[in-house]
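Take a look at these structures.
Each of the next two complexes has subunit A plus one other chain: subunit B in the first, subunit C in the second.
Moving on, here comes the complex of A and B:
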């Protein structure tokens, strides 16, 4: 905890500096740049790349959350139980398909740009959220569920007032895993001309400029660490409220 | 009036509840006793349709419970579940307010009701109102569970071992509170317990279940003096029989003119209390008091004679 209170603001400041004032880091990255070559990536503003990167991740994760949670709700109802194996197979396939292959397949259909990247991130994000939502919704405390029926909540009220709030911390864990995967995976979107921080890394690879690669990698990594941490904090807060359940 | 009409529940060919028929009068407490697995919970859950009967039906004031949607039916019937089942993500106040909220009571009325119930169950509202269930002891959780069942003042209350986790002192007080609340409101209660003592103390009627069947349904005195089967007799307990019987009779029944030495008993006390007082202090009679005034005495001989008269 105490380490976190010091480290967290430090990392936020570091990230802000890297994105907003990349020139400050010239001495740090200079040793990794080719002789006489550029040290700091300045073809596009890193801020706009970061925003576009985060935007893609947010859009794909939001869509994945919506679909995965809806699907999990459906297959945990008595009427939907029969579809559970099938839906698990489908989301598992989303995960086993390499993202590069998804990109390659999606380009002919969607053209270059953000489209194929969104599709790949979306498919990739489904599984962790879906699996966690199913686990959470099918292991709710039985006495609480019985009481929810017993006092006269209808199906919808039970779902909204009891099941989802109780399942939320575990669903959030799934969303967190999915978002972190997406933050990393989004970098390859730049191979099909999506505007992401991958652009910096790829530029570095193409020109043999390790400084670019480090710069891009560091920014993506810091985003991932900080977002992961923020979501963990949120989960802890929610779970603490629900508390050590005495069943 | 609640009429349970040949109700049966079959799980995988086994009858958990086997053609139970009984009538529960409005404004009475019926206690269902029986060993573990005898079908008590299943019987109770069929009344508010948490479990659909395999056959038979339940009528409340003449109307079949099948005539309304289950969740609407359940809002009219208070239900205190075995093991409380509180909502862990809601505060004590919101837990208790669950049904009044569903019934759209005003916020002021709900708040007043929550505080009233907490006070009734000896839980200081200011201390407990905003706590989450995880921060309560087992006994407190159970009392909140019962308070939730009582919150909307339902005409019918189903209670499944509501006092199971309470220590003997709090348990006795909770039973007295329940009796008092029930008499004030005239509600009808069906309560499940393992504990014969609790059944005798609370029940206007006691229903004994054995392997899914209702083997006897009668007043506590009938159950004690004329057990229908060996099973009922063993539930009552041969050794405890005379004491259980005496605990049902108030001192006022045997009060006679005269004086006696020592500490007095209230008229509301039972003959068992009187017997205990006689034995403990070696007296052959104890004075009886009403509203702080001596009204007579009850004698050891009279108690002994009464214990031998089986109604």
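Moving on, here comes the complex of A and C:
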């Protein structure tokens, strides 16, 4: 972890510089640009692309979290038990659908633009969160549940005060998986005309400009790695807090 | 929530409601050519009243058979009947709609068809989950379904559908793309296994190596695929230009090689991670017994830890295979070939059926790979009978 304390701020600074001051990197990327061609992507500001990229991911992941956790709560209640086997099948088989294919299949149904990307990110994002939430909610320690019942908490209080807080770290792992997939799929979303950082990479591929590809790839890669890392840190902290409370 | 009771399947009721709703949506679309937007056709105006009625009745009865809970076999039968009804409706509807619609007219299944198809597949999956078939029964069922699919496609019964016309006009390209796609997915899996498996075994023995390797591999895994494929391009064009002979064997900035290496990098985490987890899954008592029998660490690895860890290791292979079949689509963007070529061409030309021609085989391939690997994992799992 000691490497992390040095590397993390360095990578954050690098990412900020790449997004906010792309011109600084002209000498770095120049060797990769075609002879006399543009080096730095300047058709749209990288900041606006980043914000729209992250906005898509955040909106889709927030909606997916809300729906997936709600569904998982319903399915783990006695009344919803009939849907348990089905939900397991859906999450198992649904996750074999390639994210790119989901994105591509959303286009015939919804047309081009941010819409199909958002829907594809949302639908695909549901599965890991749903799977983890079900796993977490159905493997709570029986002694704790018994104790909660014993001190007279009703169903709603048990859910909000005991079950959900205990399940949170595992649910968060699902959210992390889902966010990482969403970041990657949103990148490909630029092929269906959603405004994301993938645009920079695609522009580079179309014009044979490796400088663009490298620039876009670095920014997207850094975003993904840093967001992933931040979510891991959050999970570790939460798990530690819960561990400290229960011991 | 209402209690549906012991005799009615709650999912079955949901499927019936959704399915009947989907029957009201446009079942097929007809368009003047392959690019323009089509016009929806409701299920009852597809073809002659007699032909359509047969299909609608089959679908409705199929959905109804899914409702009673007591006989899972009947629910399975209902799903199959419903799917047969859908197939019948497509077979009747396509030629009837194309009749006199012009030379370039195209017909495709529409939202109603896809919803009904999904609902009936879910009904089938739900009934199967109740029956809990063993690995051999599942393998038989998969073979039956794939044979039926092959028969329907080969017979030409659906040849009027737009996506199959798209296929007919690029048969050779499709075969090439399929081979390239499989080559990318399975080839990168093989390469990842050759690298990752020994690495996993090494990591199993040494905690320090494990602590270094796994975090690096999981960071690699988080890099978005398009970025990873893109970042391979400068590396490979540099290799192609500087290493003598590299270009002769096809190594260049774009094409097969960068796609292949990107896929290998993505595959390493599941292979190494699951190898480590699998080897560590042997119960301490078994390790102790092996040590007591005087086995060397090498013998212990081959005879105890490896056989006991095989299900987890194979699960890693399943993850890689499914993931790579999907990611190989991105190779289409950097000239790596595969089904992605059709997907991205289709997106560029806004030709829906070309998108489907790339996306549908990918989905089928991924699903089949997942089911086959699940069967394999079940087969190698030590059962209580063999290890008392």
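Following the convention adopted for this analysis, the second predicted complex is superposed on the first by the 231 of 247 C-alpha atoms of A that agree within 3 Å, B and C clash if a C-alpha of one lies under 4 Å from a C-alpha of the other, contacts with A are read in each partner's own complex, and residues count from 1 in each chain.
Operating definition for what follows: a residue touches a chain if its C-beta (ideal position, glycine included) is under 8 Å from a C-beta of that chain, and two chains touch if they have at least 3 such contacts.
Every value quoted in this text rests on a predicted model; they were computed, and no experiment measured them.
Colleague: With the two complexes overlaid on their shared chain, look at subunit A and say whether subunit B and subunit C clash or fit.
Modeller: fit
Colleague: Looking at the overlay, does A:88 come into contact with subunit B only (first), subunit C only (second), both, or neither?
Modeller: second
Colleague: Is A:221 touching anything from subunit B or subunit C once the two structures are fitted on A? First, second, both or neither.
Modeller: After superposition on chain A, A:221 lies in contact with subunit C alone.
Colleague: Contacts for A:49 in the overlay, against subunit B (first) and subunit C (second): which applies, first, second, both or neither?
Modeller: Touch status of A:49: no partner.
Colleague: Once the shared chain is lined up, is A:144 touching subunit B (first), subunit C (second), both, or neither of them?
Modeller: first
Colleague: Roughly how many degrees, to the nearest 10, is the angle at subunit A when you join its Cα centre to the Cα centres of subunit B and subunit C?
Modeller: 100
Colleague: Is the number of subunit A residues in contact higher for subunit B or for subunit C?
Modeller: C
Colleague: Could you tell me if A:33 is touching subunit B, subunit C, both of them or neither one (first, second, both, neither)?
Modeller: Neither: A:33 stays clear of subunit B and subunit C.
Colleague: For A:153 in the superposed arrangement: first (subunit B), second (subunit C), both or neither?
Modeller: Touch status of A:153: first partner only.
Colleague: When the two structures are overlaid on chain A, which partner does A:170 contact: first (subunit B), second (subunit C), both, or neither?
Modeller: Once the two structures are laid over each other on A, A:170 reaches no partner at all.
Colleague: Determine the nearest approach in Å between the Cα atoms of subunit B and those of subunit C after overlaying the two structures.
Modeller: 19 Å.
Colleague: Could you list which residues of subunit A make contact with subunit B in one structure and with subunit C in the other?
Modeller: Residues common to the subunit A contacts of subunit C and of subunit B do not exist here, since the sets are disjoint.
Colleague: List the residues on subunit B that touch subunit A in their complex, please.
Modeller: Residue list for subunit B touching subunit A: 48, 50, 71-76, 79, 81-89, 98-99, 102, 132-135, 138, 141, 145, 148.
Colleague: Enumerate the contact residues on subunit C facing subunit A in the complex.
Modeller: 1, 3-4, 9-11, 111, 122, 125-126, 128-130, 219, 221-228, 230-231, 233-234, 237, 253-254, 322, 325-327, 329-330, 333-334, 340, 343-344, 346-347, 350, 352, 355-356, 358-359, 362-363, 366-367, 369-370
Colleague: Touching residues of subunit A toward subunit B in the complex: what are they?
Modeller: Subunit A reaches subunit B through residues 141, 143-154, 157, 162, 165-166, 241-247.
Colleague: Contact residues on subunit A for subunit C in the complex?
Modeller: Going through subunit A, the ones touching subunit C are 32, 79-80, 82-83, 85-86, 88-90, 92-93, 95-101, 104-105, 107-109, 112, 180, 183-184, 187-188, 191-192, 198, 201-202, 204-205, 210, 213-214, 216-218, 220-221, 224-225, 228-229.
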